[in-house]
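Please find the structures below.
Shared chain: chain A. Partners: chain B in the first complex, chain C in the second.
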Partner chain A sequence: MNTIEIKGITKYYGDVKALDNVTFTMEKGKIYGLLGRNGAGKTTLLNLITNRIFPTEGEIRIEGGSIYENDKMLRNIFYMTEKNLYPGDEKLKNIFKWTRQFYPAFDIDYAKGLAEKFGLNINKKVKDLSTGYGSIFKAVTALASNTGIIIFDEPILGLDANHRDMLYKELLANYSQNPRTIIISTHLIEEVAQVLEEVVIIKEGKLVTKQPVEELLSGAYTVTGEASRVNRYIEGKKHIGGETIGNVKTVIVLEDINNKNKALAKELGIDFSKVQLQRLFISLTN
Partner chain B sequence: MNTAFKVTKYQLYYSYKGVMAFYAIIFLIASATAVLSIKASGKVTFGGLGAATVIFLFIAGLDWFKSSFKFTMANNVPRREFYYGTMAAFVILAAFMALVDTVLSGILSLIISYESLVVQLYGSSTYLAGLLWSFGLYTLFVCLGWFITMIYYRANKLMKIIITIIPFVTGILFGYIERQTGGVMSRAILDFIGRAMGFAYNNNTYMATFSFLAAAAVLLSFCFLLIRRVPVKD
Partner chain C sequence: MLLDFSGEKPIYLQLAEAIEDNILKGIFQEEAQVISTTEISVKYKINPATAGKGVNVLVDEGILYKKRGVGMFVSTGAKKKILKKRRKNFCQGFILPLIDEASKLDVTKEEIIDMIEGSFKNEYHRD
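Entry: the complex of A and B
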């Protein structure tokens, strides 16, 4: 279950085209990173997947069925939004109870346990939570939902380093116990890279790439050295993201890491290094 | 439908504190009036219970969309389920409040000089007719509140201004047409109200109940069109 098919999705907000003919498929049981710069169309896409908004063109299907007003499909998706949609005057423990009404598999004990781990007081009202604890509360609710698809939109907003680390660990623990489709949209790419299996990169409403992280990273490498020598090395090679500091230049070469010309590099006195997901992302989306 | 039922439960949960507070005040006033009336040999009376409930339900209808819609959206509830669930909550709440008001009116009329809204308008009424009449009226007003709040939610800034101005413009136009036609429109409207409310049919409260429910059904149909593709807004 839980294969998400996005077919030719275009979304306009008035005259603004937020998504432009986006087509790809997310396979079940994988952790996806949905990456893109601000305004790239990530949240629009997530809102479309969860029936919060409707496409101008195209269709989204989960396991072959349209998600449009499809209660059965929607019961199997939990979407943690960046915005708070919960009533401010309600206590967290009551929201857990109500979430269980709508998601019968919601594990209240697990949610309470997680809340305790994160130091989240469930007797507090939603409106009394800080930005960080607001994110923790929503992430805890999402993790405890036990749905086949869990979507996190900026789950680490306002979280300190400790809480971010805890959240990644909990997410992996939850996933390893019960593999499901997880989609994470975030700006903190390097941190989240450790938990992602595949990335979907969107730029200005268009799909740039959808690839396994490993494959994406093995299809590029970094070259660093004296500028003119680096230029000689990259002659005729597809490359992105040239950055020069002083006389030292760093370039990402879009070539399989196994095709590195080690002899030439040795002759030119330049160094190779692994490309980081964040660097690659910046280069791909600039 | 299971999800719609859960929405109904949530909507009733969301409203119960307000309803309890409302009836706490009503019971307090009614009790104080009853005691004072007995002490003052019937010179102190109490009225307007039905009207108070109508106002309460209208305001409840106005307040009954944004927060609960966002919460159900947070739980991926389809709009159709939200609509059916909320509609069921309206009917249950209107029936409950009509029942409480009818019982309260009956008790009060035994203790003090009290006439319910339906008796004031129609002269007399059986408990069943009064109950159904109140139910229809309450359903209509809670739906009216919901309809208005939904229009405002869907509208952009310009539309909100237009919607706010429309009643005033209509009023001015109405006055102008009235002056030009010698009151033809107001007579037609009064005639229509008289028929719809059952005054033209020997004070038939059942006619009014039917009219209230028919009007509520029309409003709910418009609500369905408004909610069908409504996005989540701040």
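Entry: the complex of A and C
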């Protein structure tokens, strides 16, 4: 279990600013969702946390220690990358053995058990795996790494609904048994929303918010009604993502529903509804 | 137990209510062990903190209690407590929304009462 502190991180690739003065802390033992659109800087951030690239400015500390040239620390972070970086000609079971060389807590028996559950043949070579089984293999290796921090970058790429379901369940069972810090970076937000405890949302290299999912969702709601009435309702209120169909307008309002608002909405004949994480995400990052 | 992720109520409250429903129906008997937060978390694919929050609502109300290292149990008198609480919320939770919807549809008070009486006669014994 490890705390990750991101302090004033800026990262340039040549002239391109991938991350812009990002600061936040991930507490240990929670499941985080790292959400952002393509090119928002998610993978850059994950590469920085795992010391694969270096920041232009700022620093990252894990459990108070610097990650820079800190082997002991890095052996406690497993990073399942979106790309498959394993040698194609190698058999899966051999990669399990290698993985244990670098991650001493890697649990081979558990990895084999998971492989069997998913129908993954560990006598196969990496290059012979389909996209879906490639993802499963990487996810199984990550779950069995037994490290204090496990990072999944797009873990469900190419998985069918059944395998996705199994993966979420195995991840939660693993986490319940051994609480650790888990970061899931993904595009399929709605599906994973309930699995996450907190979300970190980034947009164009900047931090938009870092909040518990429940707090984020309870601090926003959708109002729907006749456009001019909705406009009257949202006057002076923080809102995002207006959408009009015919004469009906739907807007996300960023505040708690209180009694005063309820009364006003009733007076104006406006309906409230809960906002979904996916919708909120789209509006926050558009 | 069914949880509605797109529903209006927070998941932890839905979970607490689903457990209460099972106690009311006698599926979870008093002094019997109930499903653990880990089982809930895995089965419904929800974060264990959410599952724990739902269960803790019931612990705080004295409906469930924890036995250290063993698990979660239904308290004696839990059913009575739930009934009392639910009855208190019946007007707020069911009657007021009914009146709201009725006024949207121009259904009068007399019509509502007729419908209720009719339903009691014809359909109330459906199960």
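Note that the second predicted complex is superposed on the first by the 282 of 286 C-alpha atoms of A that agree within 3 Å, B and C clash if a C-alpha of one lies under 4 Å from a C-alpha of the other, contacts with A are read in each partner's own complex, and residues count from 1 in each chain.
As a working rule, a contact is a pair of C-beta atoms (placed from the backbone, for glycine too) under 8 Å apart; a residue touches a chain by one contact, two chains touch by 3 or more.
Small disclaimer: the values here were computed from a predicted structure and weren't measured.
Asks: In the superposed model on chain A, is it clash or fit for chain B and chain C?
Replies: fit
Asks: Report, please, how wide the angle is at the C-alpha centre of chain A between chain B and chain C, in steps of 10 degrees.
Replies: It is 150 degrees after superposition, to the nearest 10.
Asks: Considering only touches as defined above, state whether A:79 meets chain B (first), chain C (second), both or neither.
Replies: first
Asks: Is A:52 in contact with chain B, with chain C, with both, or with neither (first, second, both, neither)?
Replies: first
Asks: Between chain B and chain C, whom does A:194 touch in the aligned arrangement: first, second, both, or neither?
Replies: After superposing on A, A:194 lies in contact with chain C but is clear of chain B.
Asks: In the superposed model, how near does chain B get to chain C, counting Cα atoms only, in Å?
Replies: Superposition on chain A places chain B and chain C at a least C-alpha distance of 27 Å.
Asks: Indicate the residue numbers of chain A shared between its chain B interface and its chain C interface, in ascending order.
Replies: None.
Asks: Note which residues of chain C are touching chain A in the complex, please.
Replies: 5-8, 10-12, 37-38, 41-50
Asks: Give the list of chain B residues in touch with chain A in this complex.
Replies: Per the stated touch rule, the residues are 3, 6, 9-10, 14, 67, 70-81, 229, 231-232, 234.
Asks: Please give the residue numbers of chain A that touch chain B in the complex, ascending.
Replies: 47, 50-54, 69-71, 74-75, 77-79, 81, 83, 85-87, 98-99, 101-103
Asks: Applying the document's contact rule, which stretches of chain A touch chain C when the two form their complex?
Replies: 30-31, 165, 168-169, 172-173, 175-177, 193-197, 213-214, 217-218, 273-274, 276
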